[in-house]
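Here it is, the structure in full.
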């Protein structure tokens, strides 16, 4: 029983953090909104280069052969940086599903030559410009390679959405488990939520220490202190559940226990990021409400990710079922 | 206590409702776009011509001398009908009470009818980069030069500022004076040479505000409202209006609550927790209504709105957020999608500014604690 | 349309407030706990004398012929004073029910010679030492005059509870409407909640202005200010719903509209008093947590009345049904 | 990361669970009554004799040198088993770490085994009427007279104070010194002549606390802990313990969450909103658990608990309130009724004190903001 990350895991995280800081600063995120594909040029290749896309692919297939515990803080960093790519979809869900199904598309996926997104619960897909979609079809998964979708504009410009209207070509992904895929998607999203919340909190702490009103720093007012203390507390009691869920997904063979742990994580991470966004905006005041100021990148990510792959109510219901009430 | 509507109020309500039904302009553009702004201005003229622009004003300025109850009924009907919002709100709700209180006869005669008809759409120019909720930090200088003031400095967060015709500003006319001293309330034409405006996008990119830059901009001293150096007192009277009855009448929230109710009623297998949230918001809209009718009764007895207006500001701004956040939750994964049928998303973004503008809710709670409850300031 | 109380109503309220201040101070409440009947000696007779017990009895029957609008602020004062008597039960519900049924027990009830309590929704009756119980039996009301009950100890010593186990004598109350009786009980309880919340807030404002910690008054800390501002706001937006509901009960012939208005009032009054109790205790700190200090009288009343005659959830459900969701 | 329990931990857990099952004393009286207090003392002795009283302590003082993981497992099993609470908690959780850190060898040898066995039950004597969360306001004087201190003053809110054998106090040994200076940590026998104690009833009337009155009470200077004038530093180290791991281990809340779950599972037609509240509380208990295991891993690497302990204090105290308030709501109208099966009501009253004692949650949030997040003090 040792609930901490290894030095290697921390180092990997640090390297990815630096990559994002370097290749995906807020300006790059904003530029991606005007690109045809909504991507940050070169970032996907750099992630492939670094092995990030291959974390959950077995070594035999050219991957790193790591697991969700290795991945979880990487995805947190993606949230922290506001990466506008379907990273969770591709890395945390599609890659292991392709591996489990032994599908040939795995090679391109981990090489960064393709981008694969998800449609596990219907309605809206993220990363509408992706090359393929891992799609839930009854109790199985498919890899959809040709489809029609209506574009949909998210409040979050970093999310290129589409509403799937027709599937014209798809391969079965036998051996890949749709429930596991969903848990991975929820876990990855929870990790991103933690990263987004951290960034919102850091940015706000920095701002309120500098900004003065009525002759003293805004951050010296007790109301502001308590708003941000509450965010910190929510974060510090949500993050361990996310790490614990990563362990369950990687190591627990009981789908019910795994689902319960993932749902606890996503419920608390959603709540934490929601509170972080609310207080970040309130403590920033008007400046945080503008399009020009970068806080909006994380505010919108907070709103959308809190609900993505199951909102608080959905995941609490799953926990309720798992614990017999 | 008598909560029955007297026959003349019933007649007023029916007339109002009928007119709004007959004259509904349909969906028009956003008032934060150049085209939508002019469409909204045209709607103001339609209202004005029919006498429905400023019903609570004296008829000489385009109103119909409504009493407070009629005004509240008008607001309820207005918002429930779903006609466009009021691009004139800054002027009618925030500036007009100040002009009525502090304006000269000439100012009243010139500005009020033009405001009522939509000829003058007003923006508010109070905040500055270093003076948000703390207006005493205002630095924009206005130095008298003959009959004019020469303005230098910067204003920000001017809602409607991108397209407005006039801006009501607070400027520092005595640079030696500190904090609340030496401020003056000044009405500034948007076409003033030396004044530039730059739109600021709000969260969703729409230019909801503008920044104003004054570089030796010359404004006639005739446009001072309430006396040079009196800006703080004059502004505080208007701040009372902003937080009080006139800016956010219950009708607005009752209409939103009704739309939320209808949205929920159409959801199959409505989640009981979401039902609970809808009901809670619906009840609060009613609470806001009855709190307002109570205040109206006091006002009609001659009382004034004091610091308890701050309670209303906190309540309606958090209610507005609750109404819109609940609607988005009801819409599930489609809540984040901007499309023609999703006014809730736009409304949510707007509602997010509620706890911030017109004095943050933190400041309002301080006011409630110190000035309503009498807790020690320090 | 005039949403305010008349001078006469305000004066009546003031007189009752003075009576309670004089005859039912906290010491008298505490003494009542040790009495056999749990009553404040002489108070009931004084209330009869003043006409309070007869507010809702018609003039023809020797009552004041007033209505719920006249009564609502009187009951608020009972909450404010922490009166340990089944006043709502007797005055707001039993008296008009007896009047509507033309039952002979009315005379003693308004003369203060009897005390009548309620059992409208089962399980627990308040004022176990009462002389009779207005009891819901299917779609009718009965006046139970002989019964067995097990005593039950409430956390609130001012509430003598009993769990009804058997009814051995009862008169039908034909003409009295059980739904109206329930609405009256909920309305009266809501009014009491408002009074309790006012008292809690006043006591706390007074305490935090005096109490110093870290060299300044506790009430000068922004966190404490905001706690109490929130209570004030909750109160000022709950009370008008209670007054509005009083009007509906008195004047609205549509039971659905009446029930909706009463439920809005009780839901918000319950929330307000709950918040008031929470913050009153927190802002008082340890002293408020003691048996000796009088704050506990209102804290316990807050906990019990917030749930009595329908808690927040119950009443929100009634509103939901009334507005069609 | 490895969340599998190693075989030796599994064995430890099973042994612990078995012993608690075999030795469960059944329901005993409240520790806030004279009889119940002695019943609890007897239970301490049973635990001690079996080596389960202070498992994390060195064996020389009655412990079994548990590591932190074992201690967390022990706490989980202890609370889940439903055996009585620990009347020794003030001593074991708050005082003992201070004795380990600051006590002389003689003090350790004398006090620790007697604390472990229940021979000495300790109360805390820190608060005074004018010094609640602000310990710097302590006024109780202790003036050296030969080998003794002469105490005068008053302490209050001493939990277990009515029946305890010893009280650990903070007193002012230098009356000239201000605020945090001149304070001394002093161990006071309950039978000290000149010290009177008066029980204080908590909300439900049970004597959960005592007031202590010192009137020329004479206490040996041998009982100073950590040096005369060092009281503030010594107390702050213990305050770290009080807010940190040792006072409120996750096991306590996990057990309460499990009881709440079981309560809810037995409700027919469970209201979905209440189900939601139960689940939320249950998840939070797990969150508290995993946060603690994370902290334990850091501690085992040699890190110390810093101001982030304040986060835990806020979290567990509000969770405890949520657990109990939810249970009472589940019980409906019977929630207010005190009876043998309703431990929740008693627990609710106890939980209400959580956000107040050991530094109010307002102060804890200040600490989180200033010392964890680094926001400016003023």
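Note that the chains are named A, B, C and D in the order they appear, and that numbering of residues resets to 1 at the start of each chain.
Rule of thumb we're sticking to: a residue touches a chain if its C-beta (ideal position, glycine included) is under 8 Å from a C-beta of that chain, and two chains touch if they have at least 3 such contacts.
Predicted model, so just to flag it, every value in this text is computed and none were measured.
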Pair joined by the larger number of C-beta contacts - B-C, A-B: B-C
Chain whose average C-alpha position is farthest from chain B's own: D
Inter-centroid spacing, chain C versus chain A (mean Cα positions, whole Å): 51
Distance from the mean Cα position of chain D to that of chain A, given in whole angstrom: 40
Shared interface positions of chain C, touching two or more other chains: 221-224, 226, 313
For chain D, residues contacting two or more additional chains: 271, 273, 276, 362, 365
List of chain C residues in touch with chain B within their complex: 1-6, 9, 69, 201, 205, 208-209, 216-217, 219-220, 222, 224-226, 228-230, 232-233, 236-238, 240-241, 243-244, 247, 251, 264, 267-268, 313, 316-317, 319-320, 323-325
Residue ranges of chain B touching chain D (in the complex, touch as defined): 271-273, 276
Complex contacts: residues of chain B adjacent to chain C: 1-6, 9, 69, 261, 264-265, 270, 275-276, 278-280, 282-284, 286-288, 290-291, 293-294, 296-298, 300-301, 308, 311, 314-315, 362, 364-366, 368-370, 372-378
Residues on chain A engaged by chain C in the complex (per definition of touch): 221-223, 226
Contacting residues of chain C [partner chain D, same complex]: 121, 123-124, 152-156, 159, 161, 212-214, 221, 223-224, 281-282, 285-286, 289-292, 296, 299-300, 303-304, 307-308, 311, 313
